[in-house]
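You will see subunit A twice below: alongside subunit B first, and alongside subunit C after that.
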Partner chain A sequence: MTGVLIFIVLALVAAAAAVAVTRTRVTLGLVASAPLAAMAIWTAFAAESDVLEGTPLTGSIGWLPTLGVSFDIHVDALSLVFLGLISTIGAAIAVYSAVYLTDLAKARRFLALLALFAAAMTGLVAVDNIYGLFVFWELTTITSYLLIGFEDRKGSARAAALQAVLTTGIGGLALLGGLVLLSQETATTSISQLVANPPTGTVGTVAIALILIGAFTKSAQVPFHSWLPGAMSAPTPASAYLHSATMVKAGIFLLFRLSPGFSTDPIWTPVVVTVGLITMVIGAWRALRQTDLKLLLAYSTVSQLGFITALTGTGSPAMLHAGLAVLVAHALFKSALFLTTGSIDAIAGTRDIRVLSGLGRRRPTLAAVGVLAAASMAGVPPLLGFVTKEAAFSALIDTGQWAALAVVAIASVATVAYSLRYLWGAFATKPPSPEADPKGFDAPVAPMGLVLPPLVLGVAGAVTGLFPGLVNRFVSAFQPGKLPLIPGWKPALAVSAVVVAAGVLVHWHRDRVGRTQDRVGSLTRRLPSGDRAYRGAVALLNRVADRTTGLVQSGSLPVYLSTILVATVSVPAVAWFSSGSSVDLHPLSVSVGEIALAALVITAAVAVTRAPSRMVAVLLLGAVGYAIAGIFVIYAAPDLALTLLLVETITVAIFAFVLTKVPRRFEQERSRFFGRFRAVLALGVGGFVTAASIIASRQRSGPSDSEIYAELAPTAGGSNVVNVILTDFRALDTLGEITVLAVAAIGITVLVRGLRSEPGEGT
Partner chain B sequence: MKVRPSLLVETGARTMVPTLLVVSAFLLVVGHDSPGGGFVGGLLAGGALLVVFLSGGRAAVTSMLPVPAGAILGAGIMTAVATAIGGLVFGRALLDAGKLEIDAGWFGSWSVGSALLFDVGVFLVVVGLVSTVLLQLGDPEEREE
Partner chain C sequence: MSVVLAVTAGALVAAGTYLLLQRLLTRIVIGLGLIAHGANLVLLGSGGPPAAPPVIDGSGAPISDPLPQALVLTAIVITFGVTAFLLALAYRSYLLTSSDGVEDDVEDRRIAGFAGGGST
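Here is the complex of A and B:
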């Protein structure tokens, strides 16, 4: 079963590559959505197994088994809920995007990124190893970065992408720190075991604080929330998928995952509940002021994420149950709303509330989708948004969290109001406002692909609202709880009724509310905000980096080399003398050939220092290299000798090219002191390296690595030890080295190009 | 200013370059069991490119490379990474080497290891690096820009 899931993830990666060669929109949509559809079917099958009875599907792929790192797969009810959302919403959005992005080249790039993101997100919710979790977590950050900056020629999009990646990246590092602390403390890297045996004490609390920072940055909680509205510069389908339905819920996924075990920690409940509620209120307040439909939805997402976060705070089963149900409802209605907004943008050419007018009459189907989804967001029966919000109210009432209930209710009033504002702004016929620049809707009838996906998602919210058992089957398997359509005459229903009525009232008096908001806004403008903190931190970092660079990087090659070489000699020398150990040298046996070659090396090296021109010096250095290659031959190391000969040859040739650009002769030494210093330093380094090699090669207690390698080489299928080391024993090192080579090649290209475009300004 | 290379270099290159390339391919293939391998093979092929450069300049190198130098680099990295991940796909560890035995009857039996594929990646990266350096740094007078 888990093998199939791995296959689907690989299929997503393959789809990301395959979309590059698609020629039509139809195949593009099919290729990108097929693996996601397969995953949806997989989820349905998995639900028929024992997962919902509490037996997780498990599996494991070795990754770095020698380091104890592996991809342990652990699919339980919580994972299934997320997999269901990733696959169904993902498939709908893949189809939508293939129509929405009219430029085929852009659509290909977009869907490739979307497929990669889906693969990373699937891994994130299915993996049971902290390192695996971190890797997938960061992969979602990277794909999110690329999607926010999708319009890479726009400076604002790049800035928003940078803010998102820096904020969530710092959170990711905090998360890694927290996870490593936990695994050190509890001696396990398995998340399920961490939850079963939660850590206690100060280390546990510090680790939890770090993990919470990671979760809060990812899920856009105050004060880290300001990257999410910026992320709206991504194409709308990406906002719908990543920045509303799935990725921003990764942090919340982690809270759900850990809350059952970790909520006993003293800081968990107060911090999570407080941050969640503050975020919910601030998001809702901001959403009420927006004139851009997409930004309205973005702040609404911030608010709803805060709501769900708060519900994970106490760790009580009823709250967690309600929280997960709200999460499902939110994913459905918010993705439908985002896609509707995208369609409005495509049809009318604007998302501005002040400009849009009369769209509802002209596009009744789209308006119906919008109403369905916004009503679910507002919590109107019989939609899933209502059912799940009722569950949340009931959970708050039953556990007596009156203060939290009051805050949630007030924010929910704002939710109703901004849901109405969305519908009114998008579809109502309004008198043209002074700022308005009305546009005619002469666009052709919206293609099916722009209406059908949001319609499906909106209808899904209605069907699951009428039959909440469909959702509760999964959610109650995570934490027991009921999700009735008709809650009965309970206080929670009264709360809902009051909230909706108050919300309608707030929308009715929207002008007065708007004026109040402006007044409050002008008062709070001077208060510190997350956005300002981000800008300040980036500016400070740049200043410190500038200063440090100016201080450390003098730009003089002799200074750099002297620093490196002095450190090379002095650090080991100090260690050596302070350790006070003595050397017991075995006698050296040296052949005549070696002595001859060594003499050649020394002669050539001395001659380099006396060389009149650079070219002569380079040739003499080549001679040093050739002589050393000769020593390798004497020691019967043909691989090394051959490699060194070729390296020396090519290096000398490259030097010859470069030397045409610098003065032919060496500059005259300006100070006698520096010349002496260099001579002393050179002799010191040479003497030190010689002594160190002799001592190291003569001081052998056990069998040498080379003997062990020679013995092991046949088991790796080769008899050339050097090559087996490169391609097998130390293959990871080789992989790193060739990456360095590639980076060096890119560096050379960039440097030369830079020199060419700015003559005389080479820095 | 364009200097014609000496007749010696030009004639020598004609025989040297194919020979060098064949030997470099040989070194790459036998590397796992005899002296050779991706690094050495790649460097020798780079040496061949150097000879081409000395005899015919940048244009000769560009026309000899089937794809841009950057693409060779990229292909090399991709090959090596794909081989590394191959170990995972076949249910073993990252970078774990696999082997395929081919019995070619009269031609003898070969065993093609994933190590060779990995080495091909190394080979391509080295060739890509040398050609990048040659094309970027070599012979500024001849540059059109």
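Here is the complex of A and C:
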């Protein structure tokens, strides 16, 4: 069973490659949606197995077994809910995208990214290993970055994508830190075992705080929420996928996954509930003010994500049950609304509430889809949004969370109001206003592909509302709970009624509400906001990077070399002196000839550094070489001596050739301080070489390897062991050496002759 | 390894480093040549005290370690190639700019200027 899932994920990756060769947008849509449809079918089959009775499907692909890293697959009821959403909504959006993006090249690129994103998301919800989780988590970050920045010619889209990837990327690092801490503390890398044996104590709390930062950045919770409205610069189908069913739900998925075990930690409940409720209120408040339909949906998404986050805070089964149900409802109605918005944009050429007018009469089917989805968002019976919100109210009432209930109710009033604002803004016929410019209505009739997918998703919200058992079968397998269509005369129903009534009232007085919002907005403008913090942090980061680069990367070759040399000398020297070892300095027998030649070499070398002209320096270098050839003779190396004599002679000749072209005398050194510094550094490096070679050569513990060469030389057909080594035993080294010479010769030819052949540049 | 050889190698590397740490390409090439000589002496010295040349002549006398000699032989030839290439580079550099000096990297100076100017 899990093998088939792996196959489907691979098929998604293959589809991402296959769309590149599609010729028409119809095949494109088919190729991209087929693996997702297969996954939906797989989910339906998996539901027939024991998964919903509490036996997860498991499997494992080893990756780095010695490090305890493997892709352990663990598909339980929670994973199935997410897999169902990823696959069904993904398939609908894939079909929609192939119609929505009229340019075939763009559509190909988009659907390839979408398929990769779906694959990463599938891995994320199905994997049980914390490192596997992190890998898929980051893969969703990267693919979502490419989707958000899809319009890569637009600076605003690139900036929004960067903000999304930086925010969620930093969160991802925090998540990794938390996960590593947890695995060190509990000695397991399995998520299910972590939840079964949650960590305790300070380390556990720190780890949980880090994981929460990761989840909050991904799910756009205050104060990290500002990337989500910016991400609306993505093509609308991408927004529909990322912000209804997938990307932002990844953080929520983690909260659901960990909450049953981790909510006993002292910080989990207060932090998660508080952050969730604040996000819910701020998102709803902002959504009420938007004039762009897509931004309205974006802030509404922030608000709904806050709602779901808050429900995962207490870890009580009833709350988690309600939370997961709300999540399913949200995925359905929000994807339908985003797709509807995309269709409005395609038909009318605008998403601006102030411009749109009379669309509802002209496009009744689209308007019906919008009403169906928005009513579900507002919580109107008998839609899934109503059923699940009732479950949330009941859970809050039953556990006596009166303060949380009040906040949720107030935010829900705003939800009703902005749902109405969406419908009014998109479809109502408004009195003509100065901004109104009812253009684009003569656009061609919307193709079926732009209406059918949102219609299916909207109808799904209605069907599952009428038959909530379809959803509850999955949700109650995660945490037990009921999801009735008719809740009975309970307090929760009263709350719903009051909320809807108040929401309608708020929409009715929208002008007055708008003025109040403007007044509050002018008061809170100076308060620190997440967006401003982000921009400040990025500016600071750039400044620090510039300073550091300017300091470290000066561009001066002598400075770089000095840095390298100081490190080369000081690190081993410190290690040597701190080790407290001593060296045996007994003098070995030396001949008089060796001492005399060494004195000659040293004198000539020092003289090279003081040479006033280039020619003198080169001749002295030649003297050094000849003296060293003498040392080679003393050390019984006739081959070396002969070769060196030859090479030194040619080198001096080449130098002489070059020196006829450049001035004979050296220019004066510019800085006297640096002159002294490099003398000191040069002496340090020289002393280091002397000390290191004495110390190292005293450490020999066995005979030289080359005894075997001497023995084998006759079998290789030679008596000169050095020659046999070069031409036989280590012949490949010699081949490499010849290659180096050949490359150098080609380079020299080009450098010297290439210039002469250029016309008009005589030398 | 004899102390004399070690000191000689150190002196060669010191003189070579001194030349390496400045900007004229011809001096840098000469410095590299000196450092290469020093490295060759270290290699040679690692073979231990001298004995008979490493040629099998049937006498059975102990021979010098042939492996360091083979390594030095390779190093001499490689150094020759590198030196010749660098000299050609210096030659061309002089033809193009009338100087064989190595100037600071322009891009790096520009980045350092950003930090000084404070704008990004």
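The rule is short, and it goes like this: the second predicted complex is superposed on the first by the 579 of 763 C-alpha atoms of A that agree within 3 Å, B and C clash if a C-alpha of one lies under 4 Å from a C-alpha of the other, contacts with A are read in each partner's own complex, and residues count from 1 in each chain.
The rule we apply is simple: a residue touches a chain if its C-beta (ideal position, glycine included) is under 8 Å from a C-beta of that chain, and two chains touch if they have at least 3 such contacts.
Small disclaimer: the values here were computed from a predicted structure and weren't measured.
Chemist: For A:631, decide between first (touching subunit B), second (touching subunit C), both and neither.
Modeler: A:631: touches subunit C, not subunit B.
Chemist: Examine A:705 and indicate which partner it touches, taking first as subunit B and second as subunit C; both and neither are also allowed.
Modeler: second
Chemist: When the two structures are overlaid on chain A, which partner does A:61 contact: first (subunit B), second (subunit C), both, or neither?
Modeler: A:61: touches subunit B, not subunit C.
Chemist: Have a look at where A:501 lands relative to subunit B and subunit C in the superposition and call it first, second, both or neither.
Modeler: neither
Chemist: Which one hits more subunit A residues, subunit B or subunit C?
Modeler: Residues of subunit A touched, subunit B against subunit C: more for C.
Chemist: Touching A:639 in the superposition: subunit B (first), subunit C (second), both, neither?
Modeler: Both partners, subunit B and subunit C.
Chemist: Going by the contact rule set out at the top, does A:564 touch subunit B (first), subunit C (second), both, or neither?
Modeler: After superposing on A, A:564 lies clear of both subunit B and subunit C.
Chemist: Looking at A:555 after the superposition, I want to know if it touches subunit B, subunit C, both of them or none. Which is it: first, second, both, neither?
Modeler: In the superposed model, A:555 contacts subunit C only, not subunit B.
Chemist: Considering only the touch criterion stated at the top, classify A:602 as touching first (subunit B), second (subunit C), both, or neither.
Modeler: It touches subunit C, and subunit B stays clear.
Chemist: Which holds for A:752: it touches subunit B only (first), subunit C only (second), both, or neither?
Modeler: The answer is both, since A:752 touches subunit B and subunit C.
Chemist: Residue overlap on subunit A between the subunit B contact set and the subunit C contact set?
Modeler: The answer is residues 638-639, 643, 647, 650, 654, 658, 661, 719-720, 722, 726, 734, 741, 744-745, 748, 752 of subunit A.
Chemist: What residues of subunit A sit close enough to touch subunit C in their complex?
Modeler: Counting only subunit A, the residues touching subunit C are 539, 542-543, 546-547, 549-551, 553-558, 561-562, 565, 585, 587-590, 594-595, 598, 601-602, 605-606, 608-609, 614, 617-618, 621, 624-625, 628, 631-632, 634-640, 643-644, 647, 650-651, 654-655, 658-659, 661-662, 666-667, 669, 678-679, 681-683, 685-691, 693-694, 696-697, 700, 704-706, 709-710, 713-714, 719-722, 725-726, 730, 733-734, 737, 740-741, 744-745, 747-748, 751-752, 755, 763.
Chemist: Using the touch rule from the top, collect the residues of subunit B that touch subunit A in their complex.
Modeler: 27, 31-40, 43-44, 46-47, 50, 54, 69-70, 73-74, 76-77, 80-81, 84, 88-89, 91-95, 97, 99, 111, 113, 115, 118-119, 121-122, 125-126, 128-130, 132-134, 136-140, 145
Chemist: Sort out for me which residues of subunit A touch subunit B in the complex.
Modeler: Residues 10, 61-66, 638-639, 642-643, 646-647, 649-650, 653-654, 657-658, 660-661, 716-720, 722-724, 726-728, 731-732, 734-735, 738-739, 741-742, 744-746, 748-749, 752, 756.
Chemist: Can you name the residues of subunit C that touch subunit A in the complex?
Modeler: Within the complex, subunit C contacts subunit A at residues 1-24, 26-27, 30, 33-34, 37-38, 40-42, 44-57, 63-67, 69-70, 72-74, 76-85, 87-92, 94-95, 100-102, 104-109, 111-116, 118, 120.
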